[in-house]
Amino acid sequence: MTASWSSSVSRVDSDKVFIRGYDLEQLIGGQSFTASCFLLLRGRIPTPAEVRTLDAVLNAVLDYALLKPGTVAARYAVSANPSMVAGIATAVLSVGKFTLAPEDTGHFILDAHARYVASGRSLEEVAVDIVADARSRKTRIPGLGHPRFKRVDPRAQRLRDIAVTEGLWGERAQLYELVHRAFTEATGQHEIPINDVGMMAVVLLELGFTPEEMTGLAVLSTLPGVIAHISEELQSGRIIRVVPDELVDYSDDRHDDLAAGLRDAGWPADDNEHQ
Amino acid sequence: MTASWSSSVSRVDSDKVFIRGYDLEQLIGGQSFTASCFLLLRGRIPTPAEVRTLDAVLNAVLDYALLKPGTVAARYAVSANPSMVAGIATAVLSVGKFTLAPEDTGHFILDAHARYVASGRSLEEVAVDIVADARSRKTRIPGLGHPRFKRVDPRAQRLRDIAVTEGLWGERAQLYELVHRAFTEATGQHEIPINDVGMMAVVLLELGFTPEEMTGLAVLSTLPGVIAHISEELQSGRIIRVVPDELVDYSDDRHDDLAAGLRDAGWPADDNEHQ
Amino acid sequence: MTASWSSSVSRVDSDKVFIRGYDLEQLIGGQSFTASCFLLLRGRIPTPAEVRTLDAVLNAVLDYALLKPGTVAARYAVSANPSMVAGIATAVLSVGKFTLAPEDTGHFILDAHARYVASGRSLEEVAVDIVADARSRKTRIPGLGHPRFKRVDPRAQRLRDIAVTEGLWGERAQLYELVHRAFTEATGQHEIPINDVGMMAVVLLELGFTPEEMTGLAVLSTLPGVIAHISEELQSGRIIRVVPDELVDYSDDRHDDLAAGLRDAGWPADDNEHQ
Amino acid sequence: MTASWSSSVSRVDSDKVFIRGYDLEQLIGGQSFTASCFLLLRGRIPTPAEVRTLDAVLNAVLDYALLKPGTVAARYAVSANPSMVAGIATAVLSVGKFTLAPEDTGHFILDAHARYVASGRSLEEVAVDIVADARSRKTRIPGLGHPRFKRVDPRAQRLRDIAVTEGLWGERAQLYELVHRAFTEATGQHEIPINDVGMMAVVLLELGFTPEEMTGLAVLSTLPGVIAHISEELQSGRIIRVVPDELVDYSDDRHDDLAAGLRDAGWPADDNEHQ
């Protein structure tokens, strides 16, 4: 039977584990978790600049109180099923279209850059075109805007500064910033910043990650906060958290008689037990 | 290479699917979903009495408003990640120790019945012993008590009536009821009923399911409600549901200066960037 | 504080549970699980024809041996974490773009029908146009084709017959069939059938469900099989299922010396421990 | 309405995010992700020794090829539902009783140490007693044994060396080692080592984490490998991974006639459509 799987991530060889070809025993104590994270995904040892930048990215969305749906969902979950594993999986599943998924921005930037490369025109001109197109097709430019932060998302700004300092600010990052500028100018909405998740995408692209890996890293970066919240909930001893009735507008049409409802729906009166 | 898997659940044979040996094409339109559910798990066609009883069990915990953590968790999840699949998985993960897991009661009854069989004594005597043991070891008897229902959980009572009527009320069911009676008499807590999940376990055991399958069926039975809530949330257009600040007591010690914190923790002042 | 939630699915009122306004105690033993499923989602008691048709849909994809990724994933999961709940959630998470998600077909049909309504032309003409557009834009028409079934997917055919017999075969169903016919004629690929998931979408649309609810019902319909497989795996006693080495083509570049790798990546030799 | 939640993990204050009281903007670029992980869970800035030790723990189980059920489950999942988020949640759900859950060992050590403190006897004596008790009650001592590694799990050994070097090897760690020694002596099974997950528990306990947090950190530490495998699977373009038929021993009793089966189960011949 031929091999139906192939993998170059790791290998277990008699009594040794190799991670991208490196002996795991040497990695333990040999480099930081952030560096190993880069090694596992990119397949090579990162430079110090890459580790410092990835560390900054992983710190960018550490936690966001009870204003992040996944955290709240996880706390509800473990109040009924007191399991760290179930709680973490719950929080992970709230990552998607509206939160913490830089992959949309990642794909947007890659597409924009491919358009630039094919165009033979300047970054500025292409950025203006892209914004005009998006506006005419009424599509959203991902990675922009935040409910709390106006003009500048300070976390995004900090991330940008570090990437620039570390020399990881290339053509694609510049193009996305030009798109942002073209957007605010075209719409007059100067208060709309590049948000934290958008900037994560920019910097992770410079570090060589795919859009899907970006979402994976975003999940990873929020996990310490998730674990902390689940631990706090478990230690609170709270059991079966519910939504208090006074916060809910329940509406229903009361039907006093199921038999009447069944008859009206065409069920024979004597046959109810066989339905 | 020898087979590393074995299964008797279903088989796909060129252009036919067989479910426990029955042609799927015949099952479509040939019997109810509830009957197929029994067939898949028990491996044989159920009797009419078994289908009516299983139907009753599957109706017993259809929904419980926003008073069930899994429902709330799922609605938070899809407000951020608008995906039916993610929402369902989230709701499933809230099933556990404190909600909707009849497997604990199932194992309890099986153990109690094995003790009865080995004892050569009456069901009543064994029930009294079991309660005495549980009280002396301070262990909980699963399946008893409900925050809203006193003396009788009407859903449980209805389920019991149907199982009795259908002739599915055997020795193990009787033993669990005697344990319940011995418990209320020993403690004087006469308001504590057998709850819906406890009664599900009793009846599903009479139908021949394993404790783990009981939990699976409990999950299945709540799924229509879960789907309805997720659909309602998705159609509401609500994005990124959070916990309003006025419902949270946030507490933290504010530290104005990270550099000072690092220094106090023993980090060399000039090496912060290398941490 | 104003209500931040609203729901009409169910309500718990002192000691009663109401499902879409009906007393849960009456539903237990009062109607089938399939009928309650319809009630929860559509908000009204179904007719006998609707229950028979929904029962057929729920039987259409009962199980598919170890040829369905979610089943296999769930069996791997419970070999490490022997939990019914974790196993079910795992299987649910494998439902998506390439399997069991009728929502894509549902949205496609709704869009096609809206185009028909706006066009003032015949169903046939609109179907031909839609196929021509899809081919020119190289987009996929969802719900067509199956790796095992040619010309006809017998499960889909059975489902169609039942819906037609029950009088649940309207304009949208006809339009989708015309799209299928236009597609096979335009491409000459006459062996491509409407598959089971595509036909589920057609019929569930006739029953009034939203595309997202369709995916929820598809998940529900596979759950008995999932529970059966997990139960079989748990009872097998198999612990920590892996992929045997002979089935994997592992490839890596072996690096004997981490220190050399770090040096090459620009890390100062004496600072490795601080990375 | 009074607050129904309380949390001290983080807080969002107008346009600032505070993590355990520290300004998130300062943390980005101010310390490593590993240090922030400690801060989030323990509520204070870690010392350099604590960061080095936690980094070692997080490197200890980076990846384990296709010999870890969660990795395989995740690759099956994304072959059907090509979503990084669904894949990660799938892998998380395979963490449990038989893999990667140091919480059992954590609870065991805490209980053992409480027994020691209460006993007034030596660590050695208590360790011998604990092993004798476990053997007489036939309970498993968690954290011991590995299918590949005999006498020493090299990853565990490396972790131990680092913890000792960093001065994080206290009474509880010593007690667990004495339990291990008493076990191998009592049973004569000298080849059984403390495994990687057992040693993670020992070291994480010294770092002050709760057993549940240990499992959270174990999940976190495997995430880079999980993301790498999912990315590899997504990039492979493999769709709908299945188990090849030649690897499965399918068994079923073929039933050619559903009608006969229904009749035998007691269903009236003319009533099949009402089942």
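In this document, chain identifiers A, B, C and D correspond to the written order of the chains, with residue numbering beginning at 1 in each.
Just so it is clear, contacts are C-beta pairs under 8 Å (C-beta built on N, C-alpha and C of every residue); 3 or more make two chains touch, one makes a residue touch a chain.
Quick caveat: nothing in here was measured; it's all calculated off a predicted structure.
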Chain labels contacting chain A and also chain D: B, C
Chain whose average C-alpha position is farthest from chain D's own: C
Equivalent interface positions on chain A and chain C, same or different at half: same
Chain centre separation (chain A, chain C; CA means) in Å: 24
Between chain C and chain D, centroid-to-centroid distance (C-alpha), Å: 30
Numbers and ranges of chain A residues touching at least 2 other chains: 1, 4-8, 10-11, 27, 29-32, 48, 52, 65-67, 81, 85-86, 89, 93, 95-96, 101, 243, 246, 248, 250, 273, 275
Chain contact graph, described as a line, ring, star, complete graph or other shape: complete
Contact set on chain B toward chain A in their complex: 1, 52, 65-70, 72-74, 76-77, 79-83, 86, 89-90, 93-101, 147, 239-243, 248, 250, 273-274
Contacting residues of chain D [partner chain A, same complex]: 1, 4-12, 14-17, 19, 24-25, 27-34, 36-37, 40-41, 52, 55-56, 58-60, 62-67, 84-86, 88-89, 92-93, 95-96, 101, 103, 148-149, 154-155, 158-159, 161-162, 210, 212-213, 215-217, 219-221, 223-232, 234-236, 244, 246, 271, 274-275
Partner chain A, residues of chain C touching it in the complex: 1, 3-8, 10-11, 18, 20-23, 26-27, 29-32, 35, 44-49, 51, 81, 85-86, 89, 243, 246-256, 258, 261-262, 264-267, 272-273, 275
